[in-house]
Structure formats: structure tokens, C-alpha cells
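Two complexes follow with subunit A in common, the first pairing it with subunit B and the second with subunit C.
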Partner chain A sequence: MADASQTDARLVESETTETDAVAGVAVGLSAVLFALAVAALFERVSLTGSLFGIRTVTLLGGLLTALGVAVVAFGAGSRLGYVETDPDPSAGLVAGFGAAVPWVVVGGSAASQTLGLGTTVGVLAGTAVGGGAFALTVLPREDVGSTLPLGSLLALTGLVFLTGVIGPTWVWELDWAQQAALTAEFLIPAATLFSALYGGWASAKAYGGFGARGRHMGAYVLVYLNALSIVAFLFVLVAFVVVQGVPGLLNGVEIGLGTGPQTTVLGVSVTLPVSVPFVMNGVALFNDFQGVLPAIVGTVWLVLGAVVLAVPLGVGAALFLTEYADRGRFTQVVEIATNGLWSTPSIVFGLFGFAFLIPRFGNGKSLLSGMITLGFMLLPLVVITSREAMLSVPDEYRDASAALGVSKWQTIRSVVLPAALPGVVTGVILGVGRIAGETAPILLTMAGGTFVPGSQTVDVLGSFQFTSAPPFVANPALLEATSALPYQLYALISAGVGASSNVGNADEFRWATALVLLVVVLSFYAIGIATRYYFRRRLTHT
Partner chain B sequence: MSENTTQQTQTASTDDRSPTDGRSPTTTTGETVEQTRDEWTDYEFRGDAKLAVEDLDVHYGDDHALKGVSMEIPEESVTALIGPSGCGKSTYLRCLNRMNDRVSSARIDGSVKLDGQEIYRDGVNLVELRKRVGMVFQSPNPFPKTIRENIAYGPKKHGDLDTGLLARLLNRSDADERDALVERCLRDAALWDEVNDRLDDNALGLSGGQQQRLCIARCLSVDPEVILMDEPASALDPIATAKIEDLIDDLAEEYTVVIVTHNMQQAARISDQTAVFLTGGELVEYGDTDQVFEDPHSERVEDYITGKFG
Partner chain C sequence: MPTVTDALGGRLTDALGAQRRRVREFVDETEPPALAIISAMTLSLLATLVGFLAVSDLTIAPFVVFLTAAGIGWFRYQEETAYTIALMMTVSTILILGLIIVFIFRESVPVIRYESATAFGITVPGLRMFIQPNWDAVSPPIRYSMVPMIHGTVMVTLIASAVAAPLGVSAALFLSEIAPATVREVVKPGVEILAGIPSIVYGFIGFTVLGPWASDQFQTTGQGSYLFVGIVVGLMALPTVVSVAEDALSSVPESMKSGSLAMGTTDWQTMTSITLPAAFSGVSAAVLLGVGRAIGETMAATVMLRGVPRLTEPLVNVFYGQETLTSLIARNYGEADGLQMDALFVAGVILFVTVLVISIGAQYIEWRMHNRLGGEV
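Now for the complex of A and B:
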């Protein structure tokens, strides 16, 4: 073992040694196990099948055992002085509780279920085993404390899988609710996942040579794996929808001159060179391929309408609250009210639209009612985020402007608002993500149907009319009922199997609708990000 | 006490506007009256008073930051304010263009006259006041805009420069005037040579010292009569500081400059008269710079200047 002077003098880390390599491999092994566990949890890897010619469960068990043994060996090696490390006197209370929790579970379930000793004994055994793991972590020096309990946990889990005590077909019937059962399909990936996290933590500590550096490494690995799993989860989710949705989306796609439908762009009639029936058609009896065009157009108009309504109102309200109103009782009440409004369930907004707006706008469900309802839903978030953004504009800018004799309103317009815009846009992005996917308010205010004919596609721009009586402009399209993607998706799912005759493969149709919804929402998101980037650049570059 | 009284009779016997006399009834605590009577704040200068401050009291909530300050500032000269940190120099400065109105907890009593006109009274046009009394802040605060836009900001907002879309379409854009103004202000602030090739870069990309000079240039852009500077050179290197000092010297031919500084040598170099504030928010001595530095009347000021306290 390194003596004090040697460790103190080690400002530059020594080159990678074999022991470092062993610990590094252990960290890598944990990452692999983590990935395998996630894949198994999402059934991308079959537990009953095999990987690289080995049965999956055996592979998982083997890797876990190896990892556990490596971790314990490293700890022992450090304690006995074969490995040069820099451990603290104790691994600490947090590590102790961290190690105790899984051991309580293992001890408890082994005693009560595997050995069949009953609940009371199970609880006692769990407490005892957990306490033991806690003591074993906290009492010895850090190198032993942070490896031995976790390493043996890993090895134990691995051996349970290896020996087939818990195999791929294992089921644990839970008595207290008839239908609940813990199956191997869930337990094995979940146990592997947690074991991999623990293994990664312990081996990262070992890799860092314990002590402050070791703890840093351990935290780093945990945080990194967490961040990675969020990205992975998002990716899996999107990939899942894409894989399921693409066949329906590409049904009957044709590429080539003159294949697409005719549209008018800036007064010129053109024939699009591609035909994607799913996004260019409605549903009609004589269509070769059915589509969801009315719902796409409906969603886009809905979101635009809500944004147009909510952004000026919300930004104005935020301006008043931050720049003009004195901070006091009134602003507090407004603030609480806005926060409360943001937390109000969407079905309540929907009911409000249904009972208040619909009787006032043509007495029928309409695009306009939907827009206003969603606008009200979006409003509080715009107020909250705009206010936050304006508060974070430094007072120095306002002082500088005032000292030049510039009036308050001009200061707000040319200094405060530009500086706050990126924040405002962030709020709108978040809000649009929420409202674009809302189903309940649309159900009550805008409706539409399960299969919407192409004739129901709203043409907002094309139906502005001038009238002789006030208000002189009318837009009947706004007062029509139309569909939106989330609502149509809901209607498709609740319509069940009976619907299939209409659209060929109903399942494909549903997934394709979901995919289109996802794409529409993500497009709004992309537009928002681009806008924010533009405004932010103007503040910091050029 | 007796020593100070003798001095008063010696130097200021001709003065009949002694603010100490006028202040006695209005000052709140007896102690303050004694203390300020003690000191030497009365000063007769040649020329006209640009700013006349009388019995100025500033409270921040319960905190009495300035206590009965009276002083007159002559036009077309440089007046330096010195004193230990927290003694109310910035507060005093901010009273001269009513920037303290923007602090909601601040309460200001007393009178400040600009060219004989009271600025603390209803109906004063703050926009006009601040155009005439410009300010450079203690820490540089350029807008997150381009260098050019920073300078043109004030004149544009006052309608003196129109480079908007409509003006450009009507061929009435003042872009040339604007560029001339930008160049003049930047030259005056000794910044032109460093930034003339990147006028369209964001001002936040400049160094701290450059930002401060940009703020001085921005202040000059609206052509003020009085320029208040709160430690404008605290973030500058000696060369830039020398440039700023030259600039202040030039400015004093046309403008009235009031400058806060912690640097005694700087105050001695550039100012025509010096006011010394001491902890507690009192104006303790005000007089010709040479006299204040070489032969201060108040012992406390002498201690402060020679570094014994403060």
C-alpha cells in the first residue's frame, strides 16, 4: 500500500495500470449490463431466446457474477495492499443506506417466499440482512465497505439467474390481488438494471481509487447512466412509434411528376410531384387509400389560433405584472391564479368551452371554440414563463435606458422585450407541446369524427368573406366542426375492431395517425427552437 | 469646535448663503446639527452654479443614507466626489438626475436646482431632465445590442435619428448622420481605434474597460449638459484611464462633469473642486481641489486623505 508521502506527492495520476484496467472493464461491463437490461425490459432482447449463442438469462447471470466477483476482488486487493488506492476511513451513511435497501429486499423475499417462512420472519430476516449490509458498508474502511456488500449482492443475483432458481418462466403469484403476478419477464431485467447501477457505482469508485476521487467517479457514472437512459427512453419511444406507423403512412405512396394532388400555391395551380395519400386524403368511400388530412389541417390551425390568442395576451399580462404593477397583494393574487390555471385539468377547460363558448359561437362545436379553449389553456404558461424571462432581464439595462432619457414604454419595447424573447419562446414551445396533444377539450369543443371525409378539411385562409353588416369580415370555416389528430386517434382507438372495414388495416391507420401527430408536434417544437435560437443569437452575436 | 469656527471666519467671511445656518432648524437630530456644523462644507466659487443642492436627505427605508447635504456645482468644470465606500456618493449622484426615483424604497427630501429650476417638484419632465443630465454607471452596462446600436439608441428613441424601415423606404434614412455620430462619440470616448472595424458586433463581446468607454460614448450621444460619472475608470488600465481623464478634461470646457472616484490622485489630477463625503452620508468638506488636498479644514478629511481612516 502507498505510504502517505507517496500518495500526497501523486499530483499527476500514474499511467494506466492493469488494476485500473480491471476496474475500467468492470465499469464498462456495468454499462453493457445496463443496456441489456433496458433492452430486455422493452422486449428488444428475448429472455427465453439466446444472445451470441448463450441463453440470455445465463448470459446475464454470468456477467453479473463476474462483475460482482471483480468488484469484491478489487476491494479485497485494495484492503490487503495489492492495489494502490486512497480510501477514506468509511464509505459513509449514504452508501450504507444504498447498500442496505437491496439487501433488505433480498433477505426478506428469500426468507418469506423461497424458504416459505411467512411474512413475520420475512420482515425480521430482511431487517437483519439489511442491517448487516449497512454495518458492513459503514464500519470497515471505504475500499471494503463500498465493494463487499454490493459485489456480493451482484454475485448472488447472478448466481440466482445462473442456477435457474429464477428462470425465464418463473412467476410469483401475489396472493393479495388475484390477477397480480410478478413474472420473470419483468423481474429479471429490473433486477439486472439495478444490479448494473450498483455494480457501476462500486466499480467506478474502485476505478477512481476510492476517496474523494472515487466518489466523484461513482457519482459521475450514476449521473451519466441516468442521462443516457433518458435519451435512450426517448429514442425507444420515438423509434417504436415510427416503426409501427411507417407502413400505414407509406400506404400507396407514389413519387414522380404528376402523381400528387393539385394544389394552389400563390395563385398558381401546381401538381405535387409526390403523393402520400395518408396525409393528403380524407376518408371517402371511393378512395383507394384513406388518410387524415382534415385532422392534420385542423391541428395546425388549432395550435396557430391558440398561439395567436394566448401570446399577445400572456406577454401583455406579464409586462404589466413585471414592469408596471407594484409588487404587492394584487400581483401575488394574479400569480397564484395563473399558477392555478396552469394546473387546472384540461377536461375542466373543455367543459368551460362546451358550456360557455359553444352556445355563443353558432351553437355547435367549432374550430373557433377549440382555438379559444386551447388558447386559455396556453395563456397561464405564457404568462408564467414571460414573467420569469422579464424578471431575469438585468435592471442595469433599464437604468441605462432611463439615464438616457428614454421613456419607460420605449425601454420595454427596445430593451426588455428583446432580451426576454428567448424565454417567452421557450414558454410557448412548452405550452404548444401540451395543447397540440390535448384530447379532452377538443372532444368537447371541436369534435370531428373517427373517419373524417376530405371535404371537412378547413380552409381558413380561403374562406374569409366580407359582409355588409358588422363585423364586416366573416370566416365560416372557423365555425365549422373539424377534427384534430389527438382526438381522431382517440376516436380510432375507441372505435375498436369494427372500424377496420373502412380503412383496410385499422391498426396501421392508428399507428400512422400517432406518427403524424408526433411529427406535427415535433415540427412545432423545431420551429420554436429555431425562433429561440434566432432571438438568442441577436442578443449575443452579430 | 473652536478651531473650526475660526477657520470659517477666516476663509468664508464674505459668504452669506451659508447652508449650515439655513439647515439647522430642519435637521432632525441634534447630534447631526453639531456634527455638520463642525465641518467645512461651504465654498464660494467663481462663475455660475449649474446645479444647486440644498438640504438633501435620502432615506432607503429606515436607512438614512444622505444627511442634509448642500452644495453648489459650478458649470463647465469638473467636480470630484470622494469618500469611503458606502458613504452615499452614488446616492448623491443619482439624486442629480432623479435616478433614485426608480428605487422604490428611497425617500428624497430637499431641493436640487438645475439652472435655477427645481427638479424635485411635480410636473418635471424626467425624459428631458435625464437628457440634460447624463450618467455613466459604476459597472459597465451596455445593451445586448451591436456597438453601433448602443450609441445610436438614445438619439433614435428621442426621434433625432430615423433609420427605420419606413425612413429607408422613403429615402429619408439618417444612416449617415448616425454613423457620423457613432464615430464622434466613440472617438470622444477613446474607443474608436479599437472598435471601428467591428461596429456591428455585440457590445457584450467587448472587454470590461471597453464596455465602460462604450457607456461613456453612449452617454455623450444625447448631448447632455451635465455628465454624472460613477467611478468610470475603476475597470480601466492606466492607458485607458489616462485617455478618459483627458476626455474629462476636454469635456469640462463644454459640459459640467461630476465624477465619483476612489482614486485620490485621479481626483487631484482632473477636478477643479472636490467634495469629501464621510461615512454616515455627510458632506464634510467641499472646496477647491488644491485646498482640499493640501490644506483640508476638517481633521477627519485630513485623516481620510492621508489614509489614516476610511
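Now for the complex of A and C:
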């Protein structure tokens, strides 16, 4: 849609004028205020200190006042005909409510707290002030309605900061049984943040000349900002974990021939050329560097087990639903059940595994129970994605195959499944990424141990044995409690500071565990997303 | 009334008759040996299930029979075997949901009996869990009230929805209607990856960074607040809202949007007056599913909350976070046994039923929207 229907507004727009420039500067000012507010909220900018030689609160107040005055001036100029705009008769109900909400808060808290008139008067005053702002937005022409209430709100906030009514040391005790207070440290950045959003909205509307185009502008500024914030949030989050986790992860890393541990690759014993103790060791008394190898191996086996269980089941069910079953009661019930399973909270799966699987597999937490629980969680994801992939295989393929006179199963096996394979694979990989990071279900069914010695690294393949009593096959490794990365992180957090003695720097150890977990999970996602692009490009190019 | 039951009975007999006819047709068309294999597979798998439910060591025997039958069938009568196996796999999804329902309900029965209370002269099992706010598993009187946890879950869910709904719908609009193709190729995987970050990592960051910061900012005693758990959980529910809402928005037929644009509207006018109203039910289903995710979110809440099952004072005090239904289970499963463990299952039942109702409601809304837009599926 974005490409096809972007209306080209240049035809009606005259060239940039000074007034446009003023509105543009106001939008820019809002952006600066927004950034400052975020920085102050996370204490990157000190409220008690100063910026560019001016006290921070004074600077914020000054900028807010300037922004508010600019917004009001633009509206007034437009109303008096100095600025050429294209306003509607009214700013609309949405804008009205948008303006009323902050004024209710301001009016209410000013009356009840600043003037000390009590809660009842506060509520009344808030309603009155909010109603006034609503009327002032909705009743006049749009250029006044969408600037005056918001602009004066900004100016008022700015003046409150400038005059020091709310200074850096201001505190509002809430007088609750459980003590809490609103401090200036929080209130000033938060108020600035919301004011900046309102200011940006109003000035973007003004920049677009009000009317339909103005609203388009105002909305787009907010929507773009939102999308940008989400992406920025993701980056900050990942970068934060990486920065905190890298020191612990790289503790004692050595690179060079013969430094790493020995492993067996294809029957040949190889000494790895790198040594990363954190991912190659367990925890032991005499280790120079402690690590989380057992948890990593546990996660790998856990995921493998879940995939082995869920993928055949899920693909088979999807196959039946798309290829064999007629749409009816039965498919509907299956669909409801799958979607119900998809949204079932992970901790409920854990409870279910605890009540259903644990008594059946040796009455204790075990790797096998964890695998099956996670498999059940993965199942609906596999069904849903495989079904989508199979539905998107064109019917022509099936018809062409059927016209050759082959049976239905042969059509499915040699036409539908291969064509749907990319979608299925992508869905499975993304689903695995999801369950690999799940903690809650394995908490109750599988996990044990906060610091796991390297000797307890599970070896599933090596411990199959045959017994004389039913069920004749046994695998002690599958029936033992095992650690996994997400559980290990949880155990480290809940163990608190007291457990730090065996791993040296406990904080580093925790962050490094979080980083390894994040890397494992995100690499599943990266592979899944890359696979999708690969197949999509191949499909479009051939 | 009799006409209704008659009609229902008639429809039931019809359906049963049709079913019987289809089974007979299938039996007639299939060769006898293939039929024998299929019956052997079905019966042995049923026996396996029964053995498994009865916790029998001999479960392996019918399972081996099933594998053998399936193996033989695969080589001799692949067509019929594949059909049967696919059908069994489909049934298994329903079976798993059924097992979950049976087992978590069964475990919660004792404590529901224990917590009976009398209202208007009638003894209602489990009522006392909802009419008094006291959870005490140690000293008498021992009480397992769900009220504090329900309060916590409601607070967290409200705050999370306030975060996830507007941001999610706006991001979905951006992805499906506004973003240029290149930007979408960046933002969309970004949202997916956001969904992939494990909840325990969110919880860890919340615990080490947000918690101390919030307790400092609001001058609270100790750390853990519903406000910040709600915000974190809202961010975690965001990707669900975005992806479902985006699906709904892009399922609005292009012709409707083009028609509007041809009238000379701006893109934004088209979105607010055509696309959003047309996709309204789909978008609300997305928000509902997001709410479901928020209710069920466990690890972030467990790590960030205080873990004391009591109400906050006053009830609107969001700066203190005690316990939610999910974190109660995750925190207490270790030392709990007997009635207390069963009480955790009651929390599980409440969660499961709430989220299932939300999921079914969302599906109904989506189904209605597809019907109205005349799309397929």
C-alpha cells in the first residue's frame, strides 16, 4: 500500500515560507526536548546540574515556554490571517480528548495539592479545567483549537519550571500506607516528555497548515516516532546486555594452537584453537574460570527433544487440516484448540507437566519431562505456521499433479510438502527461538541446580541402556534433572548475593549468562529470518 | 421448547448418520488388509494412551505394536497409513488441550473443597478464596486467598495494556500502511526479535536496573512495583499486538483504500476513516491477544515483584508490587506440597480459563471480521 498510494502532495504545496520554517523549528525543538527528557529520565543528564552553562531545569523550562509561545503564536497568526493555512471548522473530538486529559491532571493536582483544597475540590477543579480545555479545542476553528490549549499547557509547564515552583528538590509525599512519593527527579522529565510529544504534535499540524494535511502531518510525526522508539529500544536493550555481558564471557579467553579443550569431531580427536572458559567449563572448585557449559548442553538437548516431538505432530496435523479434512465442526474445534494452546500461559504448561508428566517419568524433575512440556508448547506454533505455508501453495500445483493420475498422498508428498517446506522450516526455527528462552515451563518440570559442575553435562546418546524389566530401554540421563540457560539465569538471580562465593564476580557471571542466552535465542531468530529472505528471494527470482 | 430439542436431536441423528455413512464408505473402499493394519494402529495407540495414563510400565508393549503396524502399513499401504497417522496427529492437539484441562482441574479440587464458604445459606466450594484477602500457608488459620494475586494480575495487565495497545496499533499502522518497503524490511524483523528476547532477560534487566532506579525515584521501601512490571510486560506483549494487528490491517481489501484515496483524501484520512474501521475487529482481537500474553507473563513478574501475597495499600498504589497469579506459582512450587500446591493449581486454573476465554473471544471477533470483509479463511 505504501508504494502504491502515497499521495503526492507536492502539487498543491507552495514553496517553503518563513512561517513554515517557524513551524519546522518548533517540531525540531520538540524533538530536542524529547531527547533531553529521555536523557534526564535515565539520569544521563543531571537535573541539579547544568547544561551549556544554564541550570538544567531552567533550560527545560525555557525551551518549553518558547515552544508553547511559538505554538500559540502560530495558531493566533493563522486565525488573524497573517499565516496562510487551510483549517477545518473544528479540531475534532480526538484532539479534544487529547487536550483535556493533561489539563484534568494539571487542574486537579493544582487545586488539591498546590492550593491544598482537598480531593473533592481537586476532582471538581480537574473536571472543570479539563472540560474547559475540551471546549476550547473543539469549539473554535481548528487553527486555534489545536494550538491554544496545548500551547498554553506547554507554556504553563515551562513557567512552573522556570519560576522554581517545581524545582530539582521538589517532592510530593503521597501519604499512603505503603510509603511512596513523586519526586522532581521523575516528574520533571516525565512532564517534559509528554509536553514535548504534545508540542511536536501541535507544531507538526501547524507545519502541515492544519486541515486534512495538517492532521496527516501530526499523526505521522507520532507514528514515526513510535516506530523509531521501538527499534531504538531493541538496540539499546541488546547493546546493554552485550556491554554488560562481554567482560564475563571473555574472562580467561585464550587464542592459539593447543589452548582449547579436546573434542572429538567425526572420530578424530581435535584440540580447539580457542579457549572460552565461560562456555566450555562447568563450575568446579579448582577451575580457574567458571562457566555454564552444562546449561548450554542442557538447552541444546531440550530444544532437540521438543523439536523431535512437536514437528512431526504439528506438520501432520497441519497436513490433515489443509489437505484431507473438509471445513466443518472438526476442523473448527482443532483450530480453537490450537489457538487456545498457543495462548495458554507458559507457567500453566509447567503446572501441567508437573501434574501429568513427572509422575510418569520417575517421579522427579527430568530432562524428558522438560522436552515433552516444551514440545507441547511448540506444537501449536508448528501447526499454525505449517498450515499457513500449506495454504499458500497454489491449488494449480495440486490440480496439475492430480491430472497426472497420481493418488492424493503422492500429490501431497511430492508437490505440496516440498512447496511448503520453506514456510514450515522458517516457522519451526522461529518457534524454537521462542521456546529456547522459556523458563517457566521447565522450572516445574526439568531444572535443578544453580551452579552445575562440568561433570554433570548431560550425555543423552551415551547413556542409552537395555534392561531386563519393562520398559526394557532406559536412559538415566533423560530422567535426571538438568539445567538450561534460562533456568540458570533465573537461579542466579533468585540465589541473590550469597551464592556469589563460588564464581568470583557473581554480577559478571550473571550478565554473561544473560548474554549467552540472548545470543543462543537471537541466533535462532537470525537464522529463521535469513531463511525466510533466502527462500523469498529465490521464489521471486525464478 | 420441544421443537428445539427435536430439531437438535434431528440434526444430531443426521450428523451421526452422515458420519456412519462415511465410515462405511471408507471401509468398503479400503482393502481388507489395509483396514486390518489401520485398526491395529488405532487400537494399539489407544492402548498406549491408556497405559500411559495408568502409569504402567507395560506401556511400551502396545507402543511397539503401533510402531510395527505403522511400519508395515507404510511399506504396503502408504496412502491409508499416511491418512490415519495425520488424523491421529490432528486429534492429538485436541487431546493435549483436554489433558491440560483435566489435570490442572483435578489437582485443584482438594483446596477448592477446603476453601468452601457459606453464602446465603448455601455452601459454595472455593468461595472463600475470593471473599477474603488473606494468604497464609504457615500459621493457622491457614488460608489460600486468590484475591491479592488477582489484584496484582489485574494491575499489571491494565498497565501493560495501556502500554502495548496504543504503541502496538500505531506500530502496526506504520508497518502495514505507512512505512516505505526498505524501512519495513528493517522494522518488521526488529519487532520479531523483540518477541524473541527471553522473558527472563527482561526480568533480569528490570530487576537489576529498573527496580533500584524506580525505588529511588518514588522513594519506596524496597524494590518491586506493579507500575514497572506492567511497563516491562507491556513491552513484551507489544510484538503480539503488532503482528496480529498488522495482519488485520493488511487484510483490508486494497480496493477499499484505493477508492478512498481516489476521492482525494490524505493517507491518514484513509487510515482513520476506512482502514481502521474496517479492520477494527481484527485490531481489537490483536489487543485482546496482547492482554492474554500480559496475563500469562511469568518470569519478568516473578523476578521483579516482592513475592509477598498481600494487597497493596491503598489498592491503587502501583509503586508497590506484591505478587501476581503467575509469579505465585513460579515462586512457591518448590517448597509447596499438599494443599498449598493445590492452591497453586487453582491459580493456574484461573489463568488458563481467563486466557482461553480471551483466545476464543479473539478468534470469534476475527472470524466475524473475515466474514464481513468477504475474505476467505
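Structural remarks
By definition in this document, the second predicted complex is superposed on the first by the 432 of 542 C-alpha atoms of A that agree within 3 Å, B and C clash if a C-alpha of one lies under 4 Å from a C-alpha of the other, contacts with A are read in each partner's own complex, and residues count from 1 in each chain.
In this section, contacts are C-beta pairs under 8 Å (C-beta built on N, C-alpha and C of every residue); 3 or more make two chains touch, one makes a residue touch a chain.
What you are looking at is a predicted structure, and each value in this text was computed from that prediction instead of being measured.
When the two complexes are overlaid on their common chain A, residue A:V382 makes contact with neither subunit B nor subunit C.
Look at A:Y397: by the touch rule set out above, it reaches subunit B but stays clear of subunit C.
When the two structures are aligned on the shared chain, A:S407 is found in touch with subunit B and with subunit C.
Touch criterion not met for A:I188: it reaches neither subunit B nor subunit C. By the touch criterion defined above, A:L136 reaches neither subunit B nor subunit C. Which of subunit B and subunit C touches more residues of subunit A is settled by the count: it is C. When the two complexes are overlaid on their common chain A, residue A:V45 makes contact with neither subunit B nor subunit C. In the superposed model, A:F240 makes contact with subunit C only, not with subunit B. Shared-chain residue A:L478: touches no atom of subunit B or subunit C.
Counting contacts as defined above, subunit A residues 407 meet subunit B in one complex and subunit C in the other.
For subunit C in complex with subunit A, the touching residues are 52, 55, 57-61, 78-79, 82-83, 85-90, 92-94, 96-97, 99-100, 103-104, 106-107, 167, 170-171, 173-181, 183-184, 186-187, 189-201, 203-205, 207, 213, 216-221, 235, 238, 250, 254, 257-258, 261, 265-270, 289, 292-293, 295-299, 302-303, 312-314, 317, 319-320, 326, 329-330, 333, 344-345, 348, 351-352, 355-356, 358-360, 363, 377. By the touch criterion stated above, subunit A contacts subunit B in their complex at residues 326, 394, 396-407, 410, 414-415, 418-419, 539-542. For subunit A in complex with subunit C, the touching residues are 1-7, 9, 42-43, 171, 174, 176-183, 185-186, 212-213, 215-216, 219-220, 222-224, 226-227, 230-231, 233-234, 237-238, 240-241, 312-314, 316-317, 319-321, 323-325, 333-352, 354-356, 359-360, 376, 379-380, 383, 391, 407-409, 412-413, 430, 433-434, 436-440, 443-444, 469-473, 486, 489-490, 493-494, 510, 514, 517-518, 521-522, 524-525, 529.
For subunit B in complex with subunit A, the touching residues are 97, 99, 102, 104, 126-131, 134-135, 137, 139, 141-146, 153-154, 157-158, 200-202, 204, 215, 218-219, 221-222.
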